[in-house]
Every structure is written in structure tokens, then in C-alpha cells.
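Each of the next two complexes has subunit A plus one other chain: subunit B in the first, subunit C in the second.
And then the complex of A and B:
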């Protein structure tokens, strides 16, 4: 049995994960309840030795009405990844901040707060990060319509002169090339 | 007597040494940096959001524009992520050629870093020399893809085109010339007294801090951690080549300089082997014209010139495009090392430290 398969059994015994599986070799993915995230991550970090935090991401499952937070960690000695996921309510998007575990989580959480509108309780500074003077809905949410926003805020630039029709232009060149 | 006072200073966004549009809010005590805050977002285009509206092939174009100096590496990471989800076997010839192009791209990226880093510190000559060699590599890219910077090189299942005639001749020419040019750069810099004064002991970060901050690439290897994804989790055919991880124990700017110089030499070794061992055969697996991936998720990372470049892709199994694409840009994470590195240094050293981190703002703001 490989290390990851052993780890899977351990995690199934300790926590109550849903959908514990391997999306690819060297990667274990499992979904836990909100209260178990900190426990699962600190178990992986302190006991198993997943020291390198790779990234934190958020996925908007619009139809389910949930946000999914994805924590990916890496084990430097065993050379495997683990992915801890949890789902939070889309209406009441709140979660505890885990910035005390790895310093860089702070930055990711700030980005997710701005892009998805997830409030991280206990975060030292939830301030505008990448966007500037943004008053609309958080833009990475799936119900944010990019085209609608552009139509409302910007003017469309007029097209180029009639003389430039890429299709015709390419067609001619293509025909010439064919003849050769 | 004079009263001491903390002064706030804005550096950037339009500052030649910030390599793009990075703005730094410095808090200074005299000329010493007390605190520092990077302000990003000037180049935000919403790549991740746009990718949700595009199909898989269109989203490939967006990845060019992340780290525009190393577009080939970005393409490779994205295409490999798709292949991991789709479960396609890529022909050997395509894999060899992918490795060859990516390593050439790594050299090009490091050359640009060397050029600008040296220019920032004051060594003008290296800038001119390094661009000369970079031009040779860009010519090769132009020959194969038609683009010099935004290459959109690979396709799902292999390559778009077969290797053009005369390409190997150009690569051989480069392999022949480059080692002597490397010596030229090293003659100019490595034992240069001014260069050493400006880099040794500047921007020190310990291995422990580097791991905790999640730094990767040459910045981490400069702190003595032999972490290179090409070796520890080999993708493509990297395990078939004979090369070494470049590591230095200095933890400072000089160590990172040495790491990158070593890495260019190792990359050249890989290029040489890839060209020699290039197998015959198909350059693309049989794949459907309209790409549809099964429902699922995957995280895949590769070693880009700047560090660990990861893509987290989710497919809902219905559409022809990604449901969610998250990019873990190495520069985004490496930039977090700026604050601990700069504290207590002079303003002029901040310029050197930005150079040594080798950040690209296209990747940070996305």
C-alpha cells in the first residue's frame, strides 16, 4: 500500500470526509465539514509533515448555492499533494481565517474576500487588494455578468475601416498558397 | 538637534526598476527601510474570470499573457493540466520537443532577468550582451510558432505543427555559442567587486522562512532547499535526462544570482540531450477536434522559470470550457518575500531585491 492510500485510511478513521479519492496519482482530495478543516490541516502539517502550503482557492457552485474552499498542501519528503476542501453557504459566506497556520494564507484570503466576497473572521486586514474603487458585486462570482458590466461602464470602440476584413485577407493568401 | 521622523515614500508604479507596474509604499527612517507594502493590481485583466467564458483552446491564449516572458512554460502547464484530466497519452516526440522549447524559454527568461537585474544595479554591459543571446532564442520561437513573446505553443495531445526544417541547425548553433557567452557574463559579474558589494548579504531569507512563505523556484533554491519540480515530481520526460538541481546556501541575492547562472547551464545540458535524443514518429496524439473533458478536478504544477506554476482546473463535464481555472503564479507568492527581505536595508538595495525576486506583474495581477 502506498503512502497516500495509508493516509486515506487514516483520514477516513479520524475525520468524516466525503468523496475521499485520487484525482491523479500523488494527489489526495477530500471534502470535510467546516469545523474539521483546521483539524485536518493541522494534522497534515504537524503530524504527517505537509509543510509546504501550495495554494488556497475558491470555487463558486452557483446551482448548489455553495462556495467551496480548496486548500492544497505538499509533502516535501514523500512528494505528494493533499487537497482539503470544505463547502460554505453562499448566502452567508463566512469562514474562519487560518492565517496563523501559514503566513501566506493571509494573502490568498484577502484575494478571495475581494473576488468572491467571502468574509474571513479573524483576518488582520480585509482591504481592497487587486481591484480599485470597486462597488459592484465581487467579480469572480458566477452570477456576475462580464459583458453586462462592460456595456454599462465602457463604450465600444468603433470597428476598423471597411478595407480590413481578416477573413477575405486570409482567404486570398490561402488561395495563393494553394496554387503553389 | 534634528528630529528623527518616519517618511513615507511611493516607489512606482512607473519606476524603471519595478519591472512592470509594481508600486511600493516604503516607510523610511532616513534611507533605511522600516516597513514596506507592495501595491498590486495595475495590470489586472481578469484572466481567471475570462477563462470561464472561453473554451479550452481560447483559454490557452490567456495563459500566454500571465508570465509574458515565459509564455511557453505557461502553455505547458495549462496543456498538461488538461491532459491530466483528459487522460491522453502524448507521443514521445512531442514530449521531447516540449522539453526542448521549455528549457530554451527558461534560458530566455533568465537572460532577461540577468539583463535587467544587472542594469538596475548599474552594470550596463550585461544588458546589451544578454539581449543579444535572448534574440537568438526568440528567433527560434518565431520560426516555430510565428510569435516571439506570446507563443501559444502547444496543443492538447501534443504539438500543433511538426518541427520545421532547419530548426535543429539553429538550436545547434545556439548550443555551440552559448557556453562561451555565459563565460562572458560571469567574467563581468561573478568576481566583480562592485557586484559583490551590492549583492552579498542583501535580501537574506532563511530556508525555514522561505518554506513557510511558500516561496519556490530559484529564490527557494538560493536558500539551500533542493526543491525543483522537474526532479521531485517529474513531468514530461525530465527523468530521462542527466542534469542536476542548482542549489546555493548563501540565502542572499548573490546566491540567487549563482543559482540562476547554474540553472542556465543545466538547461543547456537538457536542450542538448533533448535535441540528440529526439525520437521519430507522431507529433500529436489522436484527439477530437472539439475538446470536451470529463467531469472532475485536478491540480497540476510545473517548474516555471520563476518557480512553481500551478493550475487548478475544474470541468463540469457539460461545457467545452473550464468551469473554474485558478492560477498559482510563482511571482504572486514570491512577492510576499519582499517585505522580510527588505527590512533594514537601504532604498538602493530594494531595487536589487526586486530584481533578484524576478517578479512579473502579468502573473501577479492576472
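And then the complex of A and C:
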């Protein structure tokens, strides 16, 4: 039994992960409830030795009305990755800030606050990061209408009316390719 | 009481590595507070990829990093392959590693120019950018593009090596290797550079791991961490190379790590020239223009010239990628770590520290 398989058993006993599986050989992924994220991450960091924090990502599951926060950590000695995931409500998007565990989480949370509108409670510095004077919906949300935004703020260049729908263009080329 | 002066270092500054601004509070020449401001080249690749098929997105990802685009292409291709279970032919893997190592050499040459230029040694940039062009010539012959290659695609590489290409690679490697001692005399053993770099911007090993430092800055603290060795991808487990470490954790140690890694890259490329197998270079994708990607998720990473370059990818069964999140080394080095390291540093060292950490704004605002 490899180290990750043992870890999977431990995680399943200690927490109540919904979906605990291996997307690939040296990567363990599991989904926990909101209250268990800090516990799971500090267990991985302090007891198991996943010292290196890789990244924090956010996935927008618009159909379910959820945001999924993904914390990826790396074990420098065992050479394995672990992925702790949690789902938060999309309407009232807030989560506790974990910047005290790893300093660089600060930057990731700041970007997710800006790009998805997730409010991180206890974050020391929720201020604009990449965008400037942005008053619209947070742009990385999937219901942000890019075409509408472009039509409102920019003008189309003349002579490009024919080819501005890439899907139609590709559809025709695809049909021609299929005929051959 | 001393007077605090606020100045902006960038976004237009010859010493920095891109359009990025650092807001500095100074007392005399000493920095008391630093704040980074990014967003001057916000290009939103992650948003663009959400509404494009895999084959359309593949032409976008290489633009995430200008000096070294190939780790992006490789990461993207490998993430798609892992999710869909697409097999890659053996020869394609060898060609990929050849391209990755050539691009690492090119990136180190560009870094050498930036690092020396920020120290005031203006001959080195002229030389190193010149020798980098020999590598770009090889890329032009192989892929058609000098900077952005769009060569490593899901399923293999776009086309096979041209006739006699490996001989020309071998010649360029001989040339670059013969010039390395001259760079030593001009730059790495230079008294001015040593005086400026030794003891500047020191990171100790514990903080380095805690703060998520990767790549040459981490190896300069004496920690032998390299994705090529720790989590081998493509054919790196079949190749013979050393993981370079140095002690000191300062700007000079980071420079030496990169200098010695150039030799390792040349060593790897020579092995590839010698042992590359024959065979197909690409697996056909079933429906390139309407390719339904299996639902899944993965995290892949590559060792780029600046450290661990990772892609987190989620697909949902449609032809579009649900979410692609890029973890560039500069995201950690260039924001939180840089702000902390600049406190107490001298104004004249800002560009040098940024170059030494490998700050690259396109990765931060990808």
C-alpha cells in the first residue's frame, strides 16, 4: 500500500470527505465540508508534512449554484500532491481566509475576491489586484457576458463583420472536412 | 524624524522584467515599504480559454510567458492528455524534452542579460541576447516561430524534426558551451557583480519552503528540488543530469545555480541527440474541431527556467475547458515574497532582486 493510499484511509477516518479519489498516480483529491477545510489543511501541513503550498484555485459551477475552492499542496519528501476542495454558496459567496497558514494564500485570495467576488473573512488586504476601477460583475464568473461588455465599451473594427463569429466559421470548415 | 519619499519603480523601467510597477516608500536610499502593482498587461487568458475548444486554446496558452513559452504548451498538452487518456508516441516525448531544454537555455540567456544589465554590466546583454538568437533560429526552423512556437500539441508535436536538424542543434550547443567560460570571466567572476550580489536578498531554507519558493531560488538555498527529478514527466527519468544546488540563498547563489544548469541543459540535449528513437511523432486526435473532452480534473507541472509551472485543469464533458488555472512561479515570487524582501533593501538593488527572483508579470495576470 503506497503512502497516498494510506493517507486516503486516514483522511476518510478523520474527516468526512464526499469524494476521495486519485485523478492520477501521485495526486489525492477530496471534497470536504466548509468547516473541515482548515482542519484538513493543517493536518496535511503539520502532521503529514505537506509543507509546500502550490496554489488556490476557484471553479465556478454555475449550474449547481456553487463555487469550488481548490487548495493544492505538495509533500517535498514523499513527492506527492494533495488537493483539498470545498464548495461554497454562489449567491452569498464567503469563506474564511487562511492566509495565516501560508503567507502566499493572501495573493490567491485577493485575486479570487476580485475575479469571482468571494469574500474572504479576516483577509488583511482585500484591495484591487489586477483590475482597475472595475464596477461591473466580477469578470471570471461564468455568467459575465463578455460580448455584452465589449459591445458596451468598445467599437467593432470595420470590415470584420463577416468573421466575428468563430463558431459559425468553424462549423462550416468542419462540415467541409467531414465530407472529404 | 526622517522624511519618507514615495516613488514608483516601473511600469516602464529598463531594469525590470516586464510591465509591472513597484511602489516604494524610501527613507534616504533604503526601502521601508514596497507594494507591487500588476495589471498593466492584463490579457485574461484563463477567461479566453473558457470559451474555446482545446485546439483553439492551445494557440493561446503559449502567450502566457514571453521568455519561455514552451512549458505552457507542454503543460496544457499533458493536462489534456491525462484527462482524455490520449497516448503520446515515444519520439514525441523526446522531441518535447528537446524543445523544453532549448527554451530553458534561451530563457537563461535572456535572464543573464537582464541580471547583468540591472547590475550595470552592459556588455553581457549584448552577448547573451546574441547567442540566444542562435537558439531562436533553431526554433524558427523547427516550428516556424521564433518566440511563440505552438508546437507541442495534445497528442504529440506538430511536425517531425527536419533533415539534419539535430546536427545543427549539436553545432549550436558546441558554440554555446564554448562561450560559457567567457561569460564566467565577464559576468559570474566579475568583482562588481560579486560585490553587489553576495549577501543581497537572502532567503533561508525554511522560509523558502514555507513561502512557496520554487526553481533556482529554492535550489540556491541548498534544497535539491526539481520537478524534473521529483515528479518526472515525459522522459526525464531516462536522462542523466544533476540537480544543481548552491549554499547562500542570495542573488549570487541564484546566479550560479542558473549558470551551472545551463551546462546540465546542454548535457541533456546531447543525450537526446544521441538516443532519440524513430517512430511516429503524433497521435491523431479523433475530432480536432469538435473534440468532446472527458469530464475530469488534473494538476500537471513542469520545471521551467524560473521554477515549478503548474496547470490546474477541470473539464466537464463538453468541448470546452471548464477552468484552467495557471500557477506561475512569478505569482508567488513577484508579489508577496518580493514585497517582503524589498523591505530594508537599497533602491539600486530593486531591479537586481526582481531579476534574480525571476519576476515575470505576464504569469501573474495570465
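Heads up, the rule we're going with is that the second predicted complex is superposed on the first by the 159 of 180 C-alpha atoms of A that agree within 3 Å, B and C clash if a C-alpha of one lies under 4 Å from a C-alpha of the other, contacts with A are read in each partner's own complex, and residues count from 1 in each chain.
The rule we apply is simple: contacts are C-beta pairs under 8 Å (C-beta built on N, C-alpha and C of every residue); 3 or more make two chains touch, one makes a residue touch a chain.
The shown structure was predicted, so the numbers you read here are calculated from the model rather than taken from an experiment.
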Consider subunit A as the common anchor and indicate whether subunit B and subunit C clash or fit when overlaid. clash
Who does A:19 touch here: subunit B (first), subunit C (second), both, or neither? neither
After the superposition on A, what does A:103 contact: first (subunit B), second (subunit C), both or neither? both
What is the contact status of A:139 with respect to subunit B (first) and subunit C (second): first, second, both, or neither? both
Quick check on the superposed pair: does A:177 touch subunit B, subunit C, both, or neither? Answer first, second, both or neither. second
Quick one: is A:153 in contact with subunit B, with subunit C, with both, or with neither? Answer first, second, both or neither. neither
In the overlaid three-chain picture, which partner chain does A:57 touch, first (subunit B) or second (subunit C), both, or neither? both
Where subunit A meets both subunit C and subunit B, residue numbers: 23-24, 26-27, 29, 51-55, 57, 59-60, 70, 72, 76, 79, 81, 83, 102-104, 107, 129-132, 139-140, 142, 146
Which residues of subunit A touch subunit C once you look at their complex with the stated criterion? 23-24, 26-27, 29, 51-55, 57-60, 70, 72, 76, 79, 81, 83, 102-104, 106-107, 129-132, 139-140, 142, 146, 166, 170, 173-174, 177
Touching residues on subunit A, where the partner in the complex is subunit B: 23-24, 26-27, 29, 51-55, 57, 59-60, 70, 72, 76, 79, 81, 83, 102-104, 107, 129-132, 139-140, 142, 144, 146
In their shared complex, at which residues does subunit C touch subunit A? 38-39, 42, 44, 46-47, 50-51, 53, 56, 82, 209-212, 223, 225, 230-231, 289-290, 296-299, 308, 310, 312, 314, 322-323, 325, 327, 331-332, 335-337, 340, 364-365
Taking the touch rule as given, give the residues of subunit B at its contact with subunit A in the complex, in rising order. 40-41, 44, 46, 48-50, 52-53, 84, 211-214, 227, 232-233, 296-301, 308, 310, 312, 314, 323-324, 326, 328, 332-333, 336, 365-366
